[in-house]
Every structure is written in C-alpha cells, then in structure tokens.
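What follows is a pair of complexes built around subunit A, which joins subunit B in one and subunit C in the other.
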Partner chain A sequence: MIHTTFYDPNITVVRPGVERLTAINAKAFKEDVADLINGGATQLIIDFRDVAFLDSSGLGALVGVLKKIGHRGDLVVSGLNSDVQQMFRICRMDRVFKVYSDVDTAVQTMAETQ
Partner chain B sequence: MLAPRLKIIVAEDSELQRLYLCSLINGLGYQAIEAEDGEVALDLVTSTDASIVISDLNMPKLDGIGLTQKIRELDLGYYVHVFMVTGADENETRVEALRAGADDFITKGSSTEMLKARIRTATRLINHAAELAERTRILKEANERIQEDLRAAAAAQRQLLPNLQDDMMGFGIASVFVPSAIVSGDMFGCFALNDTQLGFYAVDVSGHGVHASLLSVSIGHLITPDYVRTHAFDPAGRPDPAAMVATLNKRFSASENDDYFTMFCGVIDTATGHMDYCQAGYPSAFYVDQAGVTSPVGDGGFPVGMISTAFYENKSHHFETGAALIICSDAAAEAGNLLGEPFGDTRVREIAQSFPKIGIDKIPTELVHALNTWRDGAPLEDDLTVVALERKYQ
Partner chain C sequence: MIPNRYQMKNKLEDVTPTVMSLKADVCVALGASTTVRFEICLSEALTNVVKHAQPTTPDELIDVTVQETSDAISVEIFDPAGAVPFDLRDHAHDLETIDPLAESGRGLGVIMQCADALDYGPSGDRNRLILTFIKAIQ
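Presenting the complex of A and B:
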C-alpha cells in the first residue's frame, strides 16, 4: 500500500498511501516499511502530506519502524497536518521524531547531514 | 451406520406409471414415496424431508406446474429439486415449468440410464448443499459462542469500573464508558486513598477491540488503591503520580509488540483542592470553574509502554470548590462525521464549558449525545470514556 520514491544518496521517501493510518491498516504499513528496512534502506522519510488522520495504532506502527531502524539509520517525518501535529505534541512525539514541514526540506536536510 | 436413503416423491396420477417409476427409483437405492396428485405431493413435501420431486405435468387437483410454484413458496430451509415429466416436443410447456421453478425434465419413455444419471446429478447438488448448510451451522454456532464469550468479557470489564453513583469525599463524579466493540480498550478508576486524598486515573490502550481490552483489563486489575498508595507517592509521602506512570512504563515497555497506552492520573487533596497529576499521552483534561471559564489541564506527555527511556512529569492544579475536571478519551475529539470532519477539541471543550449550566451528572451523557448527533447515529470507531469530577464542598 505504501508508495516509495528514492533520492540520492540512499534516501527513501515513503507515503503511506492511505488517507487514514489507523488500526485497520497500521500493521500492513509497518510490515511494508519493515521490508524496506530489511532491504537495506537506512535513510527514511515518512511523508504524511496525504494523510489526514493518524490514530493510536498508526502512531504505534510509526514508533515500531523507528525502533526497527534504531541506530542503523535515520527515520524522519514530514508534512504533518495540524491535527496530526497536535497528536504528536500531546504524545511528545515531536521529541522522538525529527519533524519537517515538507518532504523537500526533509530530503535536503537529510542529504546535507549524511 | 448406513446413510439414510434419499427420499424421492413421485407425483403421478396414472397408477401404472407411478408404480413403474417407483420401482425403478427403489431399484436405484432411493426411497420412492407415492403421490396420486399434486395436492398429496405438496403435503408429502412438507411432511417428509424428501428433497427430490418427480412430477407429472397433468394431474387432478394440482398440476405439475402448480405443484412446483407451491413448493417454491414454501420455507423449508433446504432446496427441493423438481423434475417435470414431459413429452420430448413440449418446448413451450418446458419454458413455463422452468419459470415456475422446475429444475430439470425427464422425457416420457426415456431410458432408465438417463433417469439414473439425472437423479445422480440432483443428488450431487443436494449433498453439496447439505455440506454447505452444515458448515454454516458450525460457523454460526462458533460465532454465537464467541459473541457469548465477548459479552461475558464485557460484563467482567464493566464490573471493574467504579460505581460512581455517590459523592466521594466531597467530590461529585459522573462517567460514561462506551466501547466501540463489545469490549473496550479504555479503563478508569477513582478511589479514596486515605481520609483526605482521592486518586483517579483514565487509561486508553492503543487500538481497540479484544486485543486492546485484554491489556486495559489487566491495567484495571493492576491499578488498585493500594497500588497507587505504594507507587504514586515519594518517600516523604508527597504525591508523585509521575513515579507511578514511570513504573508502569518500565513494566509495559518490556514487550516487543507496538502496544502502548495513554494515561491521565492524579491525586487530589480533598481538604485543600490541590491536585497533582501526570499526563501520559492522554488528551488534556478540561478544568471548568463555576463561571464556566474553561482551561486545558496538561500540555502532553509520553505514552506508557512505548519508549522505555521516557520520562514523566508531575504537574499540579488547584481545584476550587464548585469547579470541575472533565477527562475524556481521544475517541471524542477524533470522532468523524459523515464528511470525515473530526468532532475536535473545541467542541469537547464547549460541552465541558456547559458544566455550570447543566451540572456534573449530565456532562458525560451530553457529550455522548453530541457525538451521536455528530456521527448521525453511527457507532463510534474508538472506545469512549468520559470522567467528570466536581469539587462540591471542602
């Protein structure tokens, strides 16, 4: 279900491909991203531009993939709408994930810091 | 044990023809049942469990087509195959018979082999239908058992919830608990810790349904007044709800899965109105004074069981006499209407704000009512909990 775009050097942008990342599809999302990580992706940007809503299961899956990548690489998020931002703030996820306003800024920053 | 012989009703007014067909059918290993006209045949269809009827076209009282129509009108719970005996060239009659609900034809004077083959085809279909019916019955039975178990689990879960009918230590408490499935991933509690202190908590396990409810129930069993007395106070005896949350985080971060929960808990000194609380990913509560001035309580905190190294903070708030604290799970603000627009924090806050007007007891049901209207009667997709506390007197 996820859409992936690759940028040099070795940056993978993931769009969840759903409008609502919830209990219904969180597991599939996590498995898809885990496959990318198992396939060697180390610099990941999860772009939420087209995601309107993220529930607690969606957040759990996102933290799950962050834990999976661990020290092997980096996983950042971009394009959070105001509702998702609010959820990130209440759960302190803004202290766990690097959050970028849009995917271009995320790609640029990630490329520069490698 | 031998399978019972399949019953076949032979509807034929000519005795000779009837006897001939019956002996053929009996010879094939089936049990033929004689009917001298359509009416007798119809009675036999309802009184025996025959699932094949071989019917002549022209019979007194009720002809073959009439009999077929009547059979199709019956509600037997299984399908009856109808063979019509016709002449080889009676095409129009055959169309009429098919429209009436006949399945196949036996041509007058056709060979025994043909009759045998046709009955065998019907038998295959009957056996197949019986297998399907049996499978459906087993699934239905299993489903009923699961539903029954779930209802028992839901009842057990509700028994864990406090009975908040009466005031507690000068506090009026009202609540609602609305599972999105039969069981819920939410849990809450409110209890006296000693003569002056009141403890409370609300928990929302990520996800919902059976999986989440297993964790929420285990949390409900874990967080007893004793547990709070032991874990939510520092060595000097001062309230330290963050310490309890940190203990829970340590305990629940151990598992490898993505399960976690959010929590809002606190200790209120009922004599002074001082409240120490810890917010762990649960939505901020609303504090409403007697004038209806509403402010959020808490600005966030890490969920529990998600990150083992998370740290938790104590915050405090003064609870004036006559003021209320409304704690509400994220199911309220996240509830979408038909257009997918969420109910939002602002609307939850507006309902909290109505506390001085409608009173503490009506706040939870008012919110449920508003959500129901917002969703046009559609059930919530997430478990809802509302706990409202009012400091009535010192």
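Presenting the complex of A and C:
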C-alpha cells in the first residue's frame, strides 16, 4: 500500500499510496508504517502530496504511528492540500504534528536537525 | 435540481462512492468552503453508521435523502432497519479537550463541528440523523 523513498541520513519518506486515507484503509496504512519502524526507520516524513482526503480514522492511524515512533525518532508530515489541512485543524492535529509545505523542505529540515 | 434519494449498502466500501455522489450534487449550492465540511461530515456519519449500527440483517440498506430549501441543504441518513437508536450528541467528544494522542473517538465530534445543525430521532420505523448545511450566498 505505502510507497517509501529513502534519504540520507536515515530519513524515510512515506506516501500513503491511496487518494483517500479513511476507515477502509487506515489500519493497513498504520501496519505498513509500523513495519518500517520495526525495521529500524526512525526519521519519518509522511507525504500527503497525493492524498486528497483524510478522515478521523486516517488521522487516528497517523497518531498511532507517531506514538509508535515515540522518543526513538521523529515523524513529520508534508504536502497537505487545503482539504486535508482543514481536517488537521478541525481535529487540532496541527498542534500535534510538525507540518511542512512540501517533502523537500521536510527532508532538508529533518537532515539539518539530526 | 439536486437528486433527492440515495441508497448504500451497509459496507465501508460504499461510503466513499456515496459521499462523492452527494458532494458532486451539492457542491455548487454549498460553495467550496462548506463543501469541504460537508464531505468530511458525511464521510464520518456514514462510516459511523456502517461500523456501529447493527441492523436486523447485514443486507439492510442505508437510505439517504436530501432536502433543499432556499438557504440550506439537509441530508437525512436513515439507520438500517433494526439498528439500536444512537444519538451521537450524547456520545461525541469535544475536539478541544480530547487527548491529542487518542487514536480514535474523534469522528462524532467532527460530525458535530462540521454540520451547521444536527438532529436525530425516530422517523417511521427507523431512526434518522439530519445534518444541515447553510448554502453559500450567491
């Protein structure tokens, strides 16, 4: 389901691989990202560039992977369109996640802070 | 003229196609900003029915009707036959105070926040959630 791209140093960009991250696929998304974390990924960027819509189940899955990575690393998000941004605001997730406008900015910032 | 009646199977796979049909039919009347809230709200509401309503048989359909007035659009979602009444107003968590790291429990609060008005109660032999959205000023 997810698509991954690896950058130095140890940064993993994850694209959910679906146009709509909702109750029907949120569990699979969470499990796929959890497998990455179990495999040693510690610096994760979830890039929503190709995601048009996100519901509360999708956000819940995102919170789940944030909790899983915990203090072992960092997880940020990028590429939110205006609809997904609004869902983040409605659910106050803009207070929980570091949000970057695009994946390149996220990669650069994450690399500089390691 | 917005179509009046929609019907979906009691399956998660049917939520997105139903929401997309509804969205396409109301987006001009509601305007872009309200349509975003509409899509979020309907997606959460229909998902909630599918996940939590326990109909008499799995094949019971979920009926959705749309009522249009001069200043608003109301969507009525009828629980499938046999479902136990569930007034989400009694169960919704305040999105301002919910644990930010909770992995579930936001959906009902999202419905409450995204609709301009909300009602729930019996209608005939079933229960009905009414979600109302104010039209954009033309």
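Simple rule for what comes next: the second predicted complex is superposed on the first by the 114 of 114 C-alpha atoms of A that agree within 3 Å, B and C clash if a C-alpha of one lies under 4 Å from a C-alpha of the other, contacts with A are read in each partner's own complex, and residues count from 1 in each chain.
Throughout what follows, contacts are C-beta pairs under 8 Å (C-beta built on N, C-alpha and C of every residue); 3 or more make two chains touch, one makes a residue touch a chain.
Bear in mind that the values here come from a model prediction, so they are computed numbers and not experimental data.
*Asks:* Superpose on subunit A as described above, then tell me if subunit B and subunit C fit or clash.
*Replies:* clash
*Asks:* Can A:A28 be said to touch subunit B (first), subunit C (second), both, or neither?
*Replies:* In the superposition, A:A28 contacts neither subunit B nor subunit C.
*Asks:* Once the structures are superposed on A, label A:V63 by its partner contacts, choosing first (subunit B), second (subunit C), both or neither.
*Replies:* Touch partners of A:V63: subunit B and subunit C.
*Asks:* If you stack the two complexes on chain A, which partner ends up touching A:R89: first (subunit B), second (subunit C), both, or neither?
*Replies:* The first partner, subunit B, only.
*Asks:* Should A:L36 be classified as contacting the first partner (subunit B), the second (subunit C), both, or neither?
*Replies:* In the superposition, A:L36 touches no partner, neither subunit B nor subunit C.
*Asks:* Need the overlap of the two footprints on subunit A, from subunit B and from subunit C, as residue ranges.
*Replies:* In subunit A, residues 22-23, 53, 55-57, 59-61, 63-64, 83, 86, 90-92, 96 are touched by subunit B and also by subunit C.
*Asks:* Spell out the residues on subunit A that touch subunit B in their complex, using ranges where they run on.
*Replies:* So the residues of subunit A in touch with subunit B come to 19, 22-23, 26, 30, 52-53, 55-57, 59-61, 63-64, 83, 86, 89-92, 96.
*Asks:* Across the complex, what residues on subunit C touch subunit A?
*Replies:* Within the complex, subunit C contacts subunit A at residues 12-13, 15-16, 36-37, 39-40, 43-44, 47, 51, 95-96, 100-104, 106-107, 110, 113-114.
*Asks:* Spell out the residues on subunit B that touch subunit A in their complex, using ranges where they run on.
*Replies:* 204, 206-209, 258-260, 262, 281-284, 299-303, 306-307, 310, 330, 334, 336, 340, 342, 345, 381-382
*Asks:* With touch defined as at the start, can you tell me which subunit A residues reach subunit C in the complex?
*Replies:* Residues 20, 22-24, 53, 55-57, 59-61, 63-64, 66-67, 82-83, 86-87, 90-93, 95-96.
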